[in-house]
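First the structure, then my questions, so here it is.
Chains: A, B, C, D and E, in written order; residue numbering restarts at 1 for each.
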Amino acid sequence: MTIIYQYRVATTSFVGFLKLLAAWRGSVYKLLFKESLVFMGVYAAISLTYRFALNDQQKLQFERVAIHCNSYTSLIPVSFVLGFYVTVVVQRWWQQFRNVPWPDRTIFVMCTYLSGQEERARIMRRTVARYMMFGMILIMRAVSVAVMKRFPTLDHIVEAGFITKDEAEIYEKTECQYLKFWVPLMWASNVLTRARQEGRIETEFGLRMVIEQLADFRDKCSLCFVYDWITIPLVYTQVVTLAVYSFFAACLVGRQFLDTEKNYPGYEYDIYVPVFTLLQFFFYMGWLKVAEQMINPFGEDDDDYDINWLMDRHTAVAFALVDQCCGRHPPLIRDQHWD
Amino acid sequence: MTIIYQYRVATTSFVGFLKLLAAWRGSVYKLLFKESLVFMGVYAAISLTYRFALNDQQKLQFERVAIHCNSYTSLIPVSFVLGFYVTVVVQRWWQQFRNVPWPDRTIFVMCTYLSGQEERARIMRRTVARYMMFGMILIMRAVSVAVMKRFPTLDHIVEAGFITKDEAEIYEKTECQYLKFWVPLMWASNVLTRARQEGRIETEFGLRMVIEQLADFRDKCSLCFVYDWITIPLVYTQVVTLAVYSFFAACLVGRQFLDTEKNYPGYEYDIYVPVFTLLQFFFYMGWLKVAEQMINPFGEDDDDYDINWLMDRHTAVAFALVDQCCGRHPPLIRDQHWD
Amino acid sequence: MTIIYQYRVATTSFVGFLKLLAAWRGSVYKLLFKESLVFMGVYAAISLTYRFALNDQQKLQFERVAIHCNSYTSLIPVSFVLGFYVTVVVQRWWQQFRNVPWPDRTIFVMCTYLSGQEERARIMRRTVARYMMFGMILIMRAVSVAVMKRFPTLDHIVEAGFITKDEAEIYEKTECQYLKFWVPLMWASNVLTRARQEGRIETEFGLRMVIEQLADFRDKCSLCFVYDWITIPLVYTQVVTLAVYSFFAACLVGRQFLDTEKNYPGYEYDIYVPVFTLLQFFFYMGWLKVAEQMINPFGEDDDDYDINWLMDRHTAVAFALVDQCCGRHPPLIRDQHWD
Amino acid sequence: MTIIYQYRVATTSFVGFLKLLAAWRGSVYKLLFKESLVFMGVYAAISLTYRFALNDQQKLQFERVAIHCNSYTSLIPVSFVLGFYVTVVVQRWWQQFRNVPWPDRTIFVMCTYLSGQEERARIMRRTVARYMMFGMILIMRAVSVAVMKRFPTLDHIVEAGFITKDEAEIYEKTECQYLKFWVPLMWASNVLTRARQEGRIETEFGLRMVIEQLADFRDKCSLCFVYDWITIPLVYTQVVTLAVYSFFAACLVGRQFLDTEKNYPGYEYDIYVPVFTLLQFFFYMGWLKVAEQMINPFGEDDDDYDINWLMDRHTAVAFALVDQCCGRHPPLIRDQHWD
Amino acid sequence: MTIIYQYRVATTSFVGFLKLLAAWRGSVYKLLFKESLVFMGVYAAISLTYRFALNDQQKLQFERVAIHCNSYTSLIPVSFVLGFYVTVVVQRWWQQFRNVPWPDRTIFVMCTYLSGQEERARIMRRTVARYMMFGMILIMRAVSVAVMKRFPTLDHIVEAGFITKDEAEIYEKTECQYLKFWVPLMWASNVLTRARQEGRIETEFGLRMVIEQLADFRDKCSLCFVYDWITIPLVYTQVVTLAVYSFFAACLVGRQFLDTEKNYPGYEYDIYVPVFTLLQFFFYMGWLKVAEQMINPFGEDDDDYDINWLMDRHTAVAFALVDQCCGRHPPLIRDQHWD
């Protein structure tokens, strides 16, 4: 689930963002836990080898390699590359969320125009709501691992009550080798046309408005699929990964503390623990993790969209609108400030 | 409340923006008041310790650490990271404001099509306006600390006259465990359908246009919630914070004035007060504060949106439109430039 | 008024943009005239003091400060900060202009559907056009200094013929403590409804389309106000200003030509006039002036939007459409290429 | 076809993106295979010549040139240029994909309003679908090499069953020297008008909605053509290419390992294989390849849009909607959660 | 005309973009031909003067100036400034193109609803098409030098057959001192209203849709004018130009090869031709040329929009739609895949 932290920084205050550094869930520490242990382990191993295992001749050679490596670390503008790459990823990530379909507007308009209290009207409203949720589940299964786990087969969807057995069968009979999320949406559209023919939607205006919203919902579903199909090209991601990982590979050797007596420039002091290299590690690797987390927001990270929660919410709200709010309003009276 | 300063720089003039540096409310000084005191205090403490408390051996060690720290400060491109991060935050901040719902357009269209002067028409208009404001308050309570403080319970909203006791009760009876801001908007929609049935809205066109606007208003409310739910991932904020704070932690030690007699390169002179380090502090920390202030614009900062003011304005304008402007216009006469 | 220079560079040519450096109106020279004089004056004063007024001991101290200052100038990435800040300002500036209301589309559609030649129809059209201009003036007065100067009171608007005395009175009677730009737009809407009732607009379609456009016009007015209300946070502007001004303050001392005999690195030569520091001044200060000019485009700069011109244009075009083009077209005949 | 890798990084995990470096299809290695071989070959040749073929005098001269070249490599901010350029290319690339026409929405709305089960209605629906696909093929042939290869002539389109021979003839008879993709779309529009006249589309609302969607489809087709017509100016691409290639040309000489005995600064060690220069090569050249791949996404790269696949999908989905889903829905019954 | 090169790089291939460096039309070489000659000439002149004309004392002074100049070249981050500036220009350039009006959609919808085969209907369609093109020409004349050259007076437009003499006269009689491109569009709108009155457009829906599209077309025309009126502020362009030109002015002196015997750091070798400075020249100046070319895309550069071609295309397509496709479609038959 998304980590919500903005209330902790709602008002700028003393040390402000600093407080956020103490968070664990979804934090840079948690994400980099293993990587940093490995990095520190390898660093220590190299350090110990250099200090105790190598003879003088080998030390000299190691020192040369170390200095060479260190000079490389300044050649790759890791921050620059990450800056541009992450900006692209962030924009995509947000657009992707904006395109997650919400059934609210369609249901809202449907309740306005198909507001009869008789059973058949209610069945129609519920059916349309169910079909919309079914369409959304079909798309989300293709996109999100978490949803696929929840509804691995049609039977699970039937069990959850989104469709009946018969509907599942009719759905499966539709022949098309591609993802068929539009089938239940077409049904929903046909149910609405029927509602118009039976006069339950009183005007063409009403039908048109609901169909329009339904088509928008379908478009959003479609866009979810498109965003999933076309990602940031692999090469771009590889290039950035290559830069960051080769930077830290070079650091493992180049940032060792060399024999201070040899007085290599930049290696004058030995403080044993490379504090600042570790900070750089958390900083640059953390930045890369931002991209990693956002490139597929439908995963199961601490900070990924909680699509299952969202679908529960959609279901609850859709049925509350359809059953409890439809065609009713409190009595019309003069309000408190009438004059 | 937002700080309005653009009139002071409406026309570019001698020293232009320089004048803005003299502002206090919402200024970088006010925001960084405490932080800079702490920073200066710690800096002074370290300086005094180094100058008077340490023996020669300790001084030497301190100097090494200082030089090591200083070299680190050039390794992290703080400006770069802040540049990219703040750009993302600024874009989000503005989009967020653009999505704050304004009832004006809906009310404007409603007054055009539901323009009767009889009491029932007026009650209907007022009711729709009240329900819209109620929906907005419900959303804003979830998003803004200031609004939550103003309307901590439904009773406060009843007291303020936005809804009646009965309406509050009906609202509470609607069963749904999620935020129910759409309930009053559904009521509003039903009131409008009733107005059409009673012929007070004369045409289907009219009803459709108002419903459309109402649905847009609902969408904006929904978006407010989404922006609040999905924030910039915690990792990104942490990474930036880590970079800036570790930069200044390193400065505390690395930017000390070392014994000039030892002639360390870059430490040739001792001017006691690290003027430029302080400027950097105001500059980089200020930049981070920009992000801190904008990441949750619904807080109570000097420069946050004043949602309470906005809601007063919305209420006043909505009722002025509904009561005073509806269906009236000055007599139609030839104007001054007729020929 | 905006400086139009694109025709001078319509086609890339030898020296191309170089020609633009010769412009004066709206130029970086004109904008920085005073600042650069002050900068040069202070620089010269310091230079003279150093060369002639200080004794050897003082000179030594000054030189230390100078070298310290100079090293600072490389610490602040002014170009970076300005790059990000100006990008944000430019985007805002252009969006702001895109949201300046244009009555053309509303009038265009109104003339299509309310095209009668009889006097009452013409009065209606003129009235709607007048009310739209009145609404726009009300908003623009709140936003632009130049418009406020032109129409300081309602009487000036009456005098200019946009409204009659009676209308001004009715406007003032509307009770609402907030900006009431929507009052005349509501009137316009009511006039149009009346036109429909009298059958002068023949169909509901027509009325709906005009009302829709009018509501869009109202939205744009509203957005103008919003852009004026919510500006780029003061802190951001302050941070950037602080960076640039402290950079040049440091330059005043650090870029002095020191005694070449002392052979300070980077101070080997004395060429008396700091040509490149001045170029940097024009360059960085000019960049800041870009932001200063664009942050409030409704001021009276050479390069600000000429809102008064725009309003004259709108008035002229609106009335030309309403009076001269309405309901008329040349006779329908076969054209030249008929076969 | 697009490389889909987001599932492999759905959840941030240990080493995360590192796994992606092992991919081959669409990878930076595959793309740079030949270039890197050439680069290494030339580097080795120069190295061997320097080490074994040159005499002392020549070596000295070579060393001068090498040092000069190396200093140049730090003058061109390749990463900067690539960062800005690639950002522009990425934005364009995504917009371009967003504008690839999808017939789904039009077909969806058509099926809602033209839902008769009689043969003529079905023929009409199929005909509209065929004409839309035909229009899309016409545009795509002009834009994509792969589609042109699949349908080099009209006969191939006839053969694939998108149009009949007669239709192909009528299409060819339309006189217009420009791309005529709008001809079949105009036919589709006329078929729909006919359907309205015959009463198969029951209301004007229905016709209007379908025509609107069809016009949007036409716009997208048109935009595809525009994106293809107006590309990023050649100069920009040339400038970036020039920077990157001249950078590596300079590297070929400047990054050689010079005689370590001469102790040139920066050339102290000889490790024979320029590991880091090669990493830079993969990194910068890879970044340029990102641009190369995205500047024309309709090519036949591993990571280009698979337009042929998309068209198969469109055809299958369009006909499935038109034939199998039209006007039908499962029986309306009470669902599982009815009470 | 735009240079189309994307097919040459449709598929990433060995050396890929390198091939583009061989292009001449629209290339960086062609654009910088003269400038680079001047640059090289001045460079050579200074070089010869230094080598042969100056005495030792003068040489010494020149060398000082040269070293001073060279140090300046590293002070101005030309790449940075250009990166931000060009990004703004590119965005504007593309938006500007997106807003060039295309009559296709309006004509497409008109042909759907005004599809009669009788002469008067055809005259009406042709007339609307002509008026739209006339409006577009009026706007384009104001914006593009090329169009102004083609149609310097109304008579030229009459001659080209877009309007008749009478229409030109009526146009001129309309009193308005501002650009009157909306006059013919208003006529077009009135012709359509007449078509509705005569029943040639059968429904209000039809009229409304066409009018809507026509209003969009008018908006685009209007936007073309706005983009032309409000450009990137002169100061910004000046600042960038100043940076680039002063950079190369400093290079002319600072990048000379100084007497190698004096051993100035960075001037150790004399290779006579400043290859890398020239590469920088092509690179940075080329980048500035990108901006120069894009800031007014309606000029006559190799890579500017070919508006005249576009207008020919619009005319041909508009009349082909209006005359040949209107109201006709191939006979409706079962297609190849019927079962």
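Some observations on this one:
One rule holds in what follows: a contact is a pair of C-beta atoms (placed from the backbone, for glycine too) under 8 Å apart; a residue touches a chain by one contact, two chains touch by 3 or more.
Since we're looking at a predicted model, the values are computed, not measured.
Least step count on the touch graph, chain C to chain E: 1. For the pair chain C and chain D, the distance between C-alpha centroids works out to 39 Å.
In terms of their C-alpha centroids, the spacing between chain A and chain B amounts to 24 Å. Shown for chain C are the residues in touch with two or more other chains, namely 31, 80, 83, 87, 205, 289, 293. Contact topology of the protein chains: cyclic, one closed ring where each chain has exactly two touching partners. Read around the assembly ring beginning with chain D and moving next to chain E, the chains appear as D, E, C, B, A. Within the complex formed with chain A, the chain D residues making contact are 2-7, 9-12, 14-18, 20-21, 23, 26-28, 31, 79-80, 83, 86-87, 90, 94, 97, 102, 104-105, 108-109, 111-113, 115, 203, 205, 209, 213, 266, 268-269, 271, 276, 279-280, 282-283, 286-287, 289-290, 293-294, 303, 305, 313, 316-317, 320-321, 324-338. Interface of chain A with chain D (complex): residues 31, 34-35, 64-65, 67-69, 71-72, 75-77, 80-81, 83-84, 87-88, 92, 120, 123-124, 126-127, 130, 145, 161, 164, 166-167, 170, 174-178, 180, 182-183, 185-194, 204-205, 207-208, 211-212, 215, 218-219, 222, 226, 228-243, 245-246, 250, 288-289, 291-293, 295-296, 298-301, 304, 319.
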